[in-house]
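These notes concern the structure reproduced below.
A, B and C are the chain letters, set down in written order, and residue numbers restart from 1 in every chain.
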């Protein structure tokens, strides 16, 4: 019996020792947090390899979590003031930029002394500017385009030229014609996601907030027009209802719907269906009939930020500047390999951007996207985009059931008011 | 068999079979998913596919399988062992060595079950930061060890521990810790087995807290890895299904290995 | 309990008692009580991110006027009122059926029905989302069987989304509760049933008037734990409603916005307002406390 007691005590001691071993720390390098292994993770790795050619000691440790998890970890770390374990560089989605810059003052390092921002798309620089300083290294753009099936369009009696200068009314008309002739819906729509509203609203140069960051809901012509388009699409029943990303992607890659308007990052997904080569075209976004509205907008996109608490802050900034603000060849490579459209306007002079795409019937799609990129209106994403967006999304189903746009705006306004005190 | 009994048997077996099928079906669905290419999964394909090797291959190419399983196993096993040790001591202590002060503390402990974890994340994280434990497995473990639910479970089970055994041991001159280690623990084997299953599953599957305190790739658990695979811009669902299946296997194995004791252990807790 | 006679024995008894409960007390005080008090303090603070100031009862005023809080409270109540009774009734019935010693394949049924609670949350949410899409396996099966003519919009309609969440939670936790009932039933003396059976009491009546009353402590236990679980419902709704791009609602028309999910959003997705989030979590504590008290009270009264 004593023997077994000894054994038990021994086991306990062993466990205690292994517990101590758990606290051992690991070596330091330049740490980056981002979220998509096939996209920004892979691209950051490429950037690191390029920089390492001229800086042999340079080491990058890229840690990937889900996007929402990166935000959550960043927020927990900043809120608790624990610099320990925080990365040197972090990727932040553009919609959230001001929220982080304003609620955690001093947490991020301004880059405007080192980086020449004149080369980037203006709206990308604007969204990361606070009190005259720019904090981000602009990364991928979500410049939008209207992707459509040429074969369905032809079946309905339209030619590609007919969709180059679309208005939303004409868009609805084509949608109805396509359904009548082919039985296919025009687009897939997730009534739980306000992405389309954001796209159309930004094309009019509007956002949920005015230039000073105050909520601008009931008197917002751009937002109203966007909801109006969404309501008309729902009323005309030219959409296939979907839920979630997966389902949405499935709708247009399987040929269930005739078109999709969204950010340029979808190009790779569209092209993944090799058997549909030559059947797709990309046109500019349909245009709103409002003063100042353009046929270009944005959905999503993200930028790199350097944390001020980083021990290797200068090195991190130098690295980002060297690759992301100067290396045209880098942008060609990530375009070809990852389908990433950066925000550096000069990138369009490279070979990859100049080539025509056979999948899209030889259209110069990258030149087109670069042109639209420079036209995207700058808006103030403010600090409460997620709050308002969630309120809009929550009210889309009632819009589909016939509620008037004004009533929806009022409901959203009421919900948002308490949220953003 | 008379018609009425036949009817009754049909209803009973039919109902249980349907329930059992519904319970197991998602597991089959997951296994089917692991054999299909992503494009087929998105299109809602039902049958087995031929992409299993590809999916497994790219899962192993993307993930340090050995490392993440080792991390998960280390956290789950240590968490289980320490939780069982600390919480069974406490459950036993509260039941055997009663006093008014302890009763009040016991009730306070049960009250902590009502506080949602969401409320504690930020304070806990700050605490771990001050202690310099961010990005350590110790930080994942520590808050799980003193488990109010498991203390409650052991206290309930201790009510069924025969007094005669304790009294006899005392007469024999055993010290209290000897009574606990040499008599209580072996007698309550199946209680420990049931608790083991519950704690192990919770620890293996835990997501939110490890996500917050673990910062580097070397520290991640399998649950975190599967979640980040599932939320890429273009998730490879075939690979996600492989990951989900592999992540579920250890809990299934633990459950099947210990299920007999599990049911016996549950018996003790509800007397 | 053990009788204690002399003072020395009493002392030994006390010292031993504290040694046994000591480690757990220290850990719980450090990792539960301290954070709880900290967050209680935070619930009186206001502001964005790190810029917190003492706001007194300002958060209470905000709570009172917050339509999203009301939505979250309503949804949580619906899940509680609908899901908990369905799940526990189902668990009780299945436990009673499985308790029949003459039933064949008992072990197989028991294992199969318990199995869902071993799955990891991540696996489970990916699975349910893929099964419940409009042209997914659930709708196609229901249509083949002829139960429905049109596909059900599980993921896009607020009502059906709630139904799906309830199905998902019930799937995962019914077997878990069933095991508690089954274990308790196996402790009931068989002779009581035999006597009732010989007296000609029908099966249903034996269940209602013998089994259920004798299981009362376990039923109370499962009701209380399910109440806590449902009022803190987070994992399922968060994962089933995620997948949309930035922003987005918690399910169609916020159908799946529960109090815990709202706390999470206030902490991580929206402008971080930790103080307000902490206050909402104390609303949950308050509700659980009241409901548990009521449940104990109702149970006690009939004794």
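The rule is simple: a contact is a pair of C-beta atoms (placed from the backbone, for glycine too) under 8 Å apart; a residue touches a chain by one contact, two chains touch by 3 or more.
This one's a predicted model, so the numbers in the text were calculated from it and none came from an experiment.
Shown here, the protein chains touch in all possible pairs. Across all inter-chain contacts, the pair with the most C-beta pairs is B-C.
For subunit B, the chain with the farthest CA centroid is A.
Put simply, the C-alpha centre of subunit A and that of subunit B have 37 angstrom between them.
If each chain is reduced to the centroid of its CA atoms, subunit B and subunit C end up 16 Å from each other. Across the assembly, subunit C contributes 130, 133, 242, 267, 274 as residues in contact with two or more other chains.
Contact of a single residue of subunit A with at least two other chains is seen at positions 68, 72, 76, 79, 81, 246-247.
Each of residues 121-122, 126, 227, 230-231, 237 in subunit B touches at least two other chains. Residue ranges of subunit A in contact with subunit C, taken from their complex: 68, 71-72, 75-76, 78-79, 81, 93, 95-96, 99, 102-105, 190-195, 241-247, 299-300, 383-390, 392-395, 397-398, 414-415, 418-421. Taken together, the subunit C residues at the contact with subunit A in this complex read 48-51, 62, 65-68, 129-130, 133-134, 153-158, 241-254, 265, 267-272, 274. Looking at the complex, you find that subunit C touches subunit B at residues 1-2, 12-14, 16-21, 23-28, 30-36, 38-39, 42, 94, 97-98, 100, 103, 108-124, 126-128, 130-131, 133, 135-137, 140, 171, 175, 179-180, 182-184, 186-187, 217-218, 221, 228, 231-232, 234-235, 242, 259-260, 263-264, 267, 274, 277-278, 281-282, 284-285, 288-289, 292.
Taken in their complex, subunit B has these residues touching subunit A: 39, 42-43, 62, 74, 78, 81-82, 85, 121-122, 125-126, 128-130, 132-138, 141, 178, 181-182, 211-212, 215-218, 224, 227-235, 237. Of all residues in subunit A, only 1, 4-5, 8, 12, 15, 18-19, 22-23, 26, 31, 35-39, 61, 63-69, 72-73, 76-77, 79-82, 84-87, 246-247, 249-250, 253-254, 265, 268-269, 272 touch subunit B in the complex they form.
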